[in-house]
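In the two complexes below, subunit A is the common chain; its partner is subunit B in one and subunit C in the other.
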Partner chain A sequence: MSLLKFELYKMFFRKITLIFIVLSLVFIFLKVVQDWNEDKMPQLHNLVQEYNLTNGNVNELKKFSATEKSNLYAATNLFYLQDTIGEQLYQNEGLKNDLTQESNTSYQYKANLMEQKMLKGLLVKKAYYFNTWGSLINNILDFPMAVLLILIMVSGVFSVEYASRMDALILSSKQGKRQFIRAKIVANIIFISIVFLSIVSLTTLVQIFISGFDGWNSPIQSLLYYQGCPFHLNILQYYLLGVGILLMGLILFSMLVLLVSTITKRPLTSFFITIIISFLSIVSMPRYGFLKEIGVYCDFLRPLNLFRNFSSYNIFGTPVLNIIVEPIIVIVISIAAVYLMSRTFRNHQVVN
Partner chain B sequence: MNLLKFELYKIYSRKTILLGITLISLVIIVFSCVNYYSTKKVMNNDVLYPGSWWSDHSMYLNKLSSEIADMKSKGEIGFEYKNKVLEYKMQKAIKPPDLQSSAHLHSYFLFDNSVVYFMLGIFLILGLPPMFSDEYSTGVDALILSSKLGKGTTVAAKILATVIFTVIAACIVFIVHIIVNLLIYGTGNLSVPFQVMSTYGSSPYSFSLFGYLVIQFLTNLSADIMFGLMIVTVSAFYRNVMIPAFVGACAVCITCYFKVVFPLFFQVITDMFKINSFFPDDLYSNFKAYNILGKPVLYPQISFVLTMIYAISFIFIIKYFYKRHTVLN
Partner chain C sequence: MKLKLVLENISKKYRNKYAVKDLSVKLTPGVYGLLGPNGSGKTTLMRIMVDILKPTEGNVLFNGENIHSMGDRYRDILGYLPQNFGIYKNFSAHKFLMYIAALKGLDKHTSLKKVEELLEIVSLKAESKKKLGVFSGGMKQRIGIAQALLNDPKVLILDEPTTGLDPKERVRFRNMISEISRDRIIIFSTHIVSDIEYIAKEVLLIRNGKLIEKNDVKNILKDMEGKVWSALVDEKVLNELIQYYKVGNIMRTDKGIEARIISPQRPVRDAVTTPPRLEDLYLYYFEENQSDEFAKVRAL
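Our next item is the complex of A and B:
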C-alpha cells in the first residue's frame, strides 16, 4: 500500500504533469472559444426548426458559403442531410443486391443479413442541432492528441528507475519484485484514469456551460462520419460510451508501453518507441491486409473506427460483431504484455 | 574544433540513434508500400496535364486585372490594391508550360510529407535533449566548467553540433523518403510546373516539381533547426532529460493539431507561430501577404524571417543562461 502511495506521488509530482495540465487547459479554452460562433448559433437553431416544419424549403440555406458550411459541420446536419439520405438509401440498395447474389449458407450472406437487420429503421430524415455534442465528439473522440501525450507521460516508468540507478535500491528493499510491479501497474492505471477523466469532464463542463445542452437525443447517424453506423444510439449515449472505450483502450495500451519501458535502459528510447507505436495506432495505422488484425488497438484509441461502419468477424461461419470480438483480442494481448513485463523485470539484475 | 568533435561523437555514439534511424526508415517504407498497394487500382496509369490549370490560370489573370482596374477607377489605392497588384505580377510571371508535358499522379505521394515531418521531429527529440541535461545529471558539467576552454567555446560547440545533427537527420530522412518513392513509382517527369497538383492550383510561385521539392526541403529544414535549438534551450534549464523531450513532443503534437483544427479563427496567431514552415504545404499553396508598414510582404518570407529570429533568440538565451550556470553539490 505504501509502495502504491510512493508511485502515485512520483507520477503526479513531476514537472511533466504540470506542463501537460497547463497546456491542456490552454487548449481546452482555445478550442471551445474557436468552435463557438455566437452570431450564427441561434440562427442555426431557428433554421433547423424551420427545415423540419417545411420539409426542407429553406431559402436562407443558400446564403451560406462553402467555407462557412464546412465550419458548421460540427453544429448541425442541415448542410449534408441530403447527401446522408442518398448514401443511406444507396447502402440499403447495395445490401439487398448482395443478398440476392450470395448463397444462403455463406458467411457473407449471414453478415449482410445481420447488417440489414441492424440498419433497419436507422434512416435519418430530420435536421438536428447538436452544437455542444458535435464539437465535443470532434475534439475528444475523433482526434485524440491528448491520448498520445498521456501515453508519452507514462512511457518512462521503469526506465527512469534504471537510468537513475534506483533499481538497485528497489531490488534490495524488503518488498518483493512482484509487489513492486503490482504497485507500478495500479499506480499507472489510477494516474491515467484521473488525468484523462479530469480533462474530459473539464472540457465537457466548459462546453456545456458555453453552448448549452441542446441536441443530446439526436441519433448518432446524423453526425458527419457516422451515417453508416449500425447501432441504435443517441449522441449522449455514444459520447459516454466513447469516453469509456477510450479510457479502456488507453489503460490496455499503456500495458504495452510499460512493457517497452521495462526492456529499454534509457528513458528517451522508451519515449521514442512509445511515440512511434502510438502514433501508428492512433493517427494512421494502415488498415490493409494482415495489418488490419494488428491494428485492433487503433479502434480502441479512436472509437470512430469502431462505430463508423458495420464490421464483423468470421467465427466458425457465424458473423460476430467487432464490438464483441475486439475487446477480447485487446485484453488477451494486454494480459500477455503484463506477463512479459513481470517476467522481464523478475530477470532484471543490476550491473555496476 | 576539438570540442565540436566530442559533442558530435556524444550524440552519434548512442545506440538509440541507430535504432531511431532504422525505425523511421521502416515506418517510411511501410507507409509508402501501403499507399502504393491501396491506391494501385485507383491510379493505374493516371497522368496530370498542365492544360486545365493553364486555362484556369488565364481566366484568373483576367479577373484579377479587371478587379485592379476597378479599384483604380474608384480611387482605392491602399494595401488591398497593392496586394492585388503584387499577386497579378507574380501570376503574370509564371511562364507558359509545355502543354504536352505530363507528370504522374504519384507526385502527390512525393509531396504529401506530413508523416515524414512528424517522424523527423520525433527523431530530433530522440537526439537532442541530452545535450545539456545529461551533463547536469551525471555531474560532467563541473568538469567542463573547470577545463581550460571557456564557457563561450563550450556553448558554441554545442550549438554547432545541434545544427549539424539537425541537418544530417533531415537529409537522411528525406533521402530515404525520396529514394523509396522513386523506387516504387519511377522518376517520372519532374520538370512540370508544380501547379499541376490540384492542391497548389492557385499558387503564384513559379516552381517546377523538382524545384518545389527542394524549396519544401529547405523550408522544413529552417523550421527543424529552430525546433532543435528550442529543445536544446529547454535542456539547458533542466537536469531531467524527459522534460525537454516532453516539451518537444507537445510542440510537434500542437503543430499537427493547429494545422488540422485551427483553420479560421486563430489564423493570424498560427501563421505567426512559425508552425507553417514545419509543414510547408500551407505556405505555398495560395497567395498570401501581410501588411507591413503599408507594403504587402509575402507570407513565406515573413515566416522564414520569423523562424530565423526565433532561432537566433534561442541561441542568445542558451548563451546567457549557460554563462550564469554554476555547479551545486
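Our next item is the complex of A and C:
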C-alpha cells in the first residue's frame, strides 16, 4: 500500500503532469467557449420547436448560410434531418434486399437479420436541439485530445527509472521485481482514472452551466455520424457509456504504453513512440497484419467507431456484436502486455 | 548458521571483451575490500552479486543456494549502494528513505524508526526535510549509505561508498562499517586504499576482470616486504627512477627529495627498505610505469 502511495506521488507531482492537465483543460474550455454562440443558440432552440410543430414549415431556416449550418451540426439535427431520414430508409431497404439474396443459414444472412431487428423503431422523424451533449460528445468522445495527453503523461513510467539510475536500487530491493511493478500498474490506473474523470466532469459541468441540460433524451441516431447506430440509446446514456468505454480503453491501452516504457531506455524515446501509436490509434490504425489486433484499440479510444454502425464478428457462423467481442480481444492483448512488461522490467540488466 | 557467499567461476562478456573472467571466491562474515583500477570489473562483479546483471557464466550462491533462484529472499537480506545511484530530486531525504524502506518491504512503523536512526547516523537529521535536488555530492552519498542499511542487511555491497565524503565523514563511515561487520558479509570497493586498510578482513585485488590476490592485509603486505624502498635523491636521479621504477610518495625536504620506490631490487645505492603500506601494494599491482604520467605533469 505504501509503495502505491509513493508511486502515485511520483506520478502526480511531476511538472509534465501539471503542464498537461492545464493544457487539456485549456484546450477543452476553449472548444466549449468556441462552440457556444450566445446569439444563435436560443434562436436555434426555438426554431427546433417551431420546426416540429409546423412539420418543417419554417422560413427562418433559409437565413442560415451553408457555413453556419455546418458549424451547428453538434447543436441540432435540424439541418441534416432530411438526410438522416433518407439514409435510414435507404439502409432499411438495403437490408431487406440483402436478406432475400442470402441463404438463411449463412453468417451474412444472420448478421443482416440481427441488424434489421436492432434497427427496428430507431428511425429519427423529428428535429432535436442538443447543443450541450452534441458538443460534449464531439469534444470528449469523438476526438479525445485529453486521451492523447493522458497517454503522453504516462509514457515514461518505467524508462524514467532507467534514465534516473534508480533501476539499480529498485531491482536490488525485496519488492523491486514484483510489488513495485504491481504498484506502478495500479498507480497508473488510478492516475488515469482521476485525471480523465476530473477533466470529463469539469468539462461537463462547465458545458451544462453555459448551455443548459436540454436535449439529453434525444435519440443517439439524431447525431450526425450516428444515423446508422443500431443501439436504442438516448444521448445522455451514450455519453455516459462512451466515457466509460473511453476510460476502459485508456486504461487498457496504457498497458501497451507502459510496455513501451519498459523496453525503451530513454523517456524521450517512449514519449515519441507513445505519441505515434496513440495518435494512430485515436485517428485510425491501419488494420492489417499484427496491427489488425492493435487496431481494435481504436474503437475504445474513439467510441464513435463502436456505435456508428452495426458491426459483428463471425464466431462459428453466428454474428456476435463487436461491442461484446472487442473488449475480450483488448483485454487479452492488455494482459499479454502486462505479462511482457513485468518480464521485461524484472529481467532488465543494469549496465550503465 | 554461518553466512557464506560463494562466487563460482563468474564470467561476464560484453561483445568480445570480458569484464570479469572466471572469478571464484568464497566470502564469510567480515569486511572485504575490493581493490582495482578503473575498468577492472569491480562494478560489474558487484552488480552480478546483487543479481541485477546476469553473468555470462557461473553462479553466485548464498548459503549454497543460487541467488537468482532465491529472488525476494536474497534481496531481503541484501543492502546495496551502487556507484552513481539515482535519486528523485523532488523527494526530501526523509521521503526518499521511506520510499526505499517501502521497496525493501519494511512496515511503516519500522521504516519510521529506521529512517530516523539512520538519518542521525549519517548526520542528515537537520536536513531531512530538504529536497534531494539541493543536496551536495557528499550529502547524497550519505543518503545512499543510509538507504543501503535500512533493512539491516546480512550482505552489504558498497560500490565506492566514500566518494564525495570529507575526511571526517570517511572516518565515521569506516568506523560504522567496522562496528556492524561482525555478523555480516560486507564487500566494499574503492580506489582509496586507506578506506579499507584498517577495517578489511581481506583484500580482493582485481585486474582486467581477474582476481589476482585474496588475502588479509597483513599477509599481502608481508609479501611486499623488501620491495618498498625509501631514498633521498636529487632531481636528476628522481627523473631516472621515475623512468625505470614505480615511484610512490615524493617529499621535498631541505636535504633533497625523499622518494618511496617500489622495486624487488635496491633501486639506488642509498635506498633503504621501509615497511610496506596498502598504498604501495596498489602501485605494485595496478600502476603501470609512471614516467609518462610524470612527464606530462612536468611539462606543464
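Heads up, the rule we're going with is that the second predicted complex is superposed on the first by the 340 of 352 C-alpha atoms of A that agree within 3 Å, B and C clash if a C-alpha of one lies under 4 Å from a C-alpha of the other, contacts with A are read in each partner's own complex, and residues count from 1 in each chain.
We adopt the following convention: a contact is a pair of C-beta atoms (placed from the backbone, for glycine too) under 8 Å apart; a residue touches a chain by one contact, two chains touch by 3 or more.
Remember, predicted model here, so these are calculated numbers, not experimental data.
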Check your understanding: Quick one: subunit B and subunit C on subunit A, clash or fit?
Key -> fit
Exercise for review: For A:Q43, decide between first (touching subunit B), second (touching subunit C), both and neither.
Suggested key: neither
Practice item. Check the residue A:I16 against both partner chains and state whether it touches subunit B (first), subunit C (second), both, or neither. Key: first
Check your understanding: If you stack the two complexes on chain A, which partner ends up touching A:L30: first (subunit B), second (subunit C), both, or neither?
Key -> first
Practice item. Could you tell me if A:I275 is touching subunit B, subunit C, both of them or neither one (first, second, both, neither)? Key: first
Check your understanding: So, A:G176: does it touch subunit B (first), subunit C (second), both, or neither?
Key -> second
Exercise for review: Please tell me which partner, subunit B or subunit C, touches more residues of subunit A.
Suggested key: B
Review point. Between subunit B (first) and subunit C (second), which, if any, makes contact with A:T318: first, second, both or neither?
Key: neither
Review point. What is the minimum C-alpha distance, in Å, between subunit B and subunit C after the two complexes are superposed on chain A?
Key: 6
Exercise for review: Name the residues of subunit A shared by its contacts with subunit B and its contacts with subunit C.
Suggested key: none
Study note, to complete from the structure: In the complex, the residues of subunit C that touch subunit A are 47, 50-54, 71-72, 75-76, 78, 80, 82, 84-88, 90, 98-100, 102-105, 108, 111, 147, 151
Review point. Which bits of subunit A are touching subunit C when the two form their complex?
Key: 2-3, 6, 10, 13-14, 161, 164-180, 348-351
Review point. Which residues of subunit A touch subunit B in their complex?
Key: 15-16, 19-20, 23, 27, 30-31, 33-34, 67, 71, 143, 145, 148-149, 152-153, 156, 160, 266-269, 271-273, 275-276, 279-280, 284, 286, 288-289, 291
Check your understanding: Residues of subunit B touching subunit A in their complex?
Key -> 16, 19-20, 23, 27, 30-31, 34, 37-38, 115, 118, 122, 125-126, 129-130, 238, 240-243, 245-247, 249-250, 253-254, 256-257, 260-266
